[in-house]
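Order as written gives the chain letters A, B, C and D; numbering starts at 1 within each chain.
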């Protein structure tokens, strides 16, 4: 354990240095694409961390996490759209200000997570997986049918949100904003998981019956975790909308939820930093394979199967924990 | 171990396509996976055929076509475009099949100073106010597909019709487009669900509504399912059907078989168009790929020919003004016949009526019946300030 | 009135198709506890096998045999290579591994067979109509689909309730140790059950081939709906799958048939169209959510 | 005053009546043992006392409060603590974590998100004390999965004690223990007598007769006799139904 912790600390330190230095290095090589790509990794990493809170720590296998990601993105895009069109929404003119739009995105995703979570958490096991999927599908189809916001074609954002009135066009600045927010998310989720709340959440995963007998109403703790995860995913969606300056129902497709799950497991369940690594590895492997061959699925599918079969601890566990006798 | 080696392989692959070469690179972002993968495959193969016929050149300029699968996900398409733009320094793009992918990808390309030549999708938001000097559509503006079908329904004398389309943007555009040139009475508009594969409920409704004819827009697999079920429901011999090209192209006809026979469709290209270029194209395509080309293959081919004509005039330079001047001349003999760009850089072209017929070999193919509309231009061009 | 009867028939027919898909899925889940997302891939393989062989030989019968054999064979193969390593694992890993299998099979079929949809015609005997009620000609093939669904339901019931294999299956679901103690090779039993599930998926693929499009990714379009069915019915319950399939078939068909009209009575046309479209798309999910909120383990819960 | 009062309790599973008009009263600070042959309905009874199983009819009263419709956590917070027949522990946590959770449950809401629970002395000190009481002080930092079977049983009891309960329900606490380990538990339970109400379900007759103030005999879902060890030993119904049935 001790040794594993030291390795983790070294890895995190190295990764932090690399991530902070990345735009500078990229600039010297004249590669702006590296920054865009890295920003994407940070955002997916953030969503994966949020999903890890409920899957890895809470043991709640949500197959609909993309819904909260998408709702966050749509909130930001719709607010900007309403402002641009000059049409108020629910009596509100809309906004292009990140300090307003991003918290609102988290609020919308959090509210959705509250409602869907409260209903879903009545079930467990495979039923929970399927009902979370069902709710995500509902959101997906609603946005497909919302012609006013582009329906299936999606909704473009003419420009990025402003942050405190300042424009954030520069990809490097936007990258650092995402990096800062990801660091904040990891810090907070890390605190949550070690707190009393986290002990209850984790304990309920390990033995729900025991926790109930101790006097914990586990559903309430799970619901709060579900809402927190939804809010973080919503923030991720808001950032994504700003990065891509485009949202579409595709953000909430069930395959997207599946991809987030792959990222979490690939990185390592319940490992806090692992999901970020998992997101990075996922995107790199997928894009590399689809560059190599148009039949990338034939290679990528087995990779996913192998992860599921042989990498229960994920990349992070593989890097930090040395198995006995190995 | 697995991941380390994979990532190394990936890094090596990325390193290989690093430095720029003297040739013109064309980023071809298209849909190769998902059920709609055959559309992108054909567009790509048509495009590549034109390049291969010139021995790796277009208009005498060496080109490298870099193809990648957008997986029918707008975000993935955008990601690929960014990589092409920023990492591979590509300026010239083509290949996108679906409007939603185009909606996400095209603005980024144009802002970065790139040029986009569409071989398929022609969404309305880039045709009117949103038109752009570096954006060309060589296929059709989306509405044209359905406008021509509306014109055909009018020509065939159908007075009362039922219209069906999926409940998303393209479906709604289809019905609006159809009505523009149809002019007759629409008894009912029925919207089907995305991914719906069983249409029995809708067909019972149509039977009850007793229209003169029906227009439906369901591209790809949905269209195949619709035609099969239409025949099984016994409606094929009772109610005539009019469709636009995406709902009945060569592959759909082959996959549906008997159920397609007798259905009327409109298209701007067909295998049997009698011009010399087309005959040569169809023959070359069959020879190279051992299958019949679809309308998507013809569009990929024509897009390549138009790019080639422009490259020839500029000597491979992609500077905005000369390239645009050359491109707009459309100085190429296209397989579809006459072609002109409108002011919004979308096509002005003829539309034909085709019918599915069963050949002596039992295969169902599309046969051209005649022209439906001549020199059709889209209704958005007037809003374009170019 | 005629229209209503016809739409109810349509609902039953869709339910029959869904049941064919759901039966194999629920069987595999009920007995081995495995969530198999790749069920849709087996469905696709069945349809492809049948379409290719029927197309080459011109014989529908040979096509059916080929489709069933292909699906069962691939099913047994993935059980031996992948699925059996997942029995003791968390659902999470099952979802993940079978998600990977979907990608693999979609890529493989596109690579080997090609991306274009395949031709699969209705068998000649079944291509006519039957006039069930005056003025409602109903496609023979669709009646046949209902018949196959019903036959599979009865066959499964008979097998599970009345045969030795069925006894072992029932016992294996609840008392693994006991079955092992009886000297039955539980690994073989599981391979058999998974193969049977695959066979049923393949059968569903063959049956819908002439109604729908035989193409890459055809499995995923129906996969989620199938999961909705078995979740409503109670995962693992064949009876539940039957009831769930009928319920969803009805809800989906009747929703699409009558919702727009109902809404138009109360609001403007365009709004009604939009709302009806969205509502009928999500109707089955609403039904599922309602059922689960009231009965968190489905209509026919299985096991303790 | 009775700590636990059960009246007319009925639970049916289909055709099977697992609890059949059961009546039971346990006085405050009494150690009350429930014995019965296999299949008598002990698990179902425990399930209903703890709230995991809802009865078809009848009432359960704890310290004069009707708790029949209360949830498991509600009953726990009202002062009921139980040990499980088959150990129910959080496997991935250390022994101390497991006990600390029990203490945490008694310190109000756990919606506290920021402070590190493992460095919280308000949780850790009492947890160590409870572990020391059952003789597990030196195993505090071990993961549960590394403990022996007997140690897990001891941990179960440490958790139960840490809940500072008014009513303790022990479901076969000595099952699978060695003789020495059982003796330790018997000594521990004796030391608890008089400080809390204990309901003990146990197969080890020596332990039961040594510890219990009173015994109830459960057969086919009914209590057929209640009394002191002596009374039960000579009760002809018990001999007939219980000991006879066992042979």
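What we mean here is this: a contact is a pair of C-beta atoms (placed from the backbone, for glycine too) under 8 Å apart; a residue touches a chain by one contact, two chains touch by 3 or more.
Predicted, not measured: the structure shown is a model, and the values here were computed from it.
J.: Where each step is a move between two chains that touch, what is the least number of such steps from subunit A to subunit B?
T.: Minimum number of steps from subunit A to subunit B: 1.
J.: Relative to subunit A, which chain has the most distant C-alpha mean position?
T.: Checked the centroid distances; the maximum from subunit A is D.
J.: Let me have the rounded angstrom distance from the C-alpha centre of subunit A over to the C-alpha centre of subunit C, please.
T.: So the centroids are 32 Å from each other.
J.: Indicate the whole-number Å distance between the mean C-alpha point of subunit B and the mean C-alpha point of subunit D.
T.: Once rounded, the distance between the two centres reads 72 Å.
J.: In whole angstrom, how far does the Cα centroid of subunit C sit from the Cα centroid of subunit D?
T.: 47
J.: Using the touch rule from the top of the page, what residues of subunit B touch 2 or more other chains?
T.: 32-33, 167, 193-194
J.: Please set out, as single numbers or ranges, the residues of subunit A touching at least two other chains.
T.: 141, 144-145, 147, 296-297, 303, 306
J.: Of all the residues in subunit C, which ones touch at least 2 other chains?
T.: In subunit C, the residues touching two or more other chains are 106-107, 110, 274, 277-278, 281.
J.: Any two chains that touch count here, so list every such pair.
T.: A-B, A-C, A-D, B-C
J.: Which residues, counting only subunit D, touch subunit A once they are in their complex?
T.: 50, 52, 71-73, 76-77, 81-82, 84, 88-93, 97, 100-102, 104-106, 110-118, 120, 123, 159, 163
J.: Of all residues in subunit C, which touch subunit B in the complex?
T.: 2-3, 6-7, 10-11, 13-14, 17, 106-107, 110, 114-119, 121-122, 127, 129, 137, 139, 141-142, 208, 210-218, 221-222, 252-254, 256-257, 260, 273-274, 276-278, 280-281
J.: Which subunit B residues qualify as touching subunit C in the complex?
T.: Going by the criterion above, the answer is residues 32-35, 37-38, 41, 167, 189-198, 200-202, 204-205, 207-208, 220-225, 228-229, 231-234, 251-252, 254-258, 291.
J.: So in the complex, which bits of subunit C are touching subunit A?
T.: 29, 35, 82, 85-86, 89-97, 99-108, 110-111, 224, 227-228, 231, 235, 274, 277-278, 281-282, 285-286, 288-289, 292-293, 296-298
J.: If we count contacts the way the header does, which residues on subunit B are in touch with subunit A in the complex?
T.: Per the stated touch rule, the residues are 2-3, 6-7, 9-10, 13-14, 32-33, 67-69, 71, 73-75, 78-79, 82-83, 85-87, 99-100, 103-104, 107-108, 123, 167-170, 172, 193-194.
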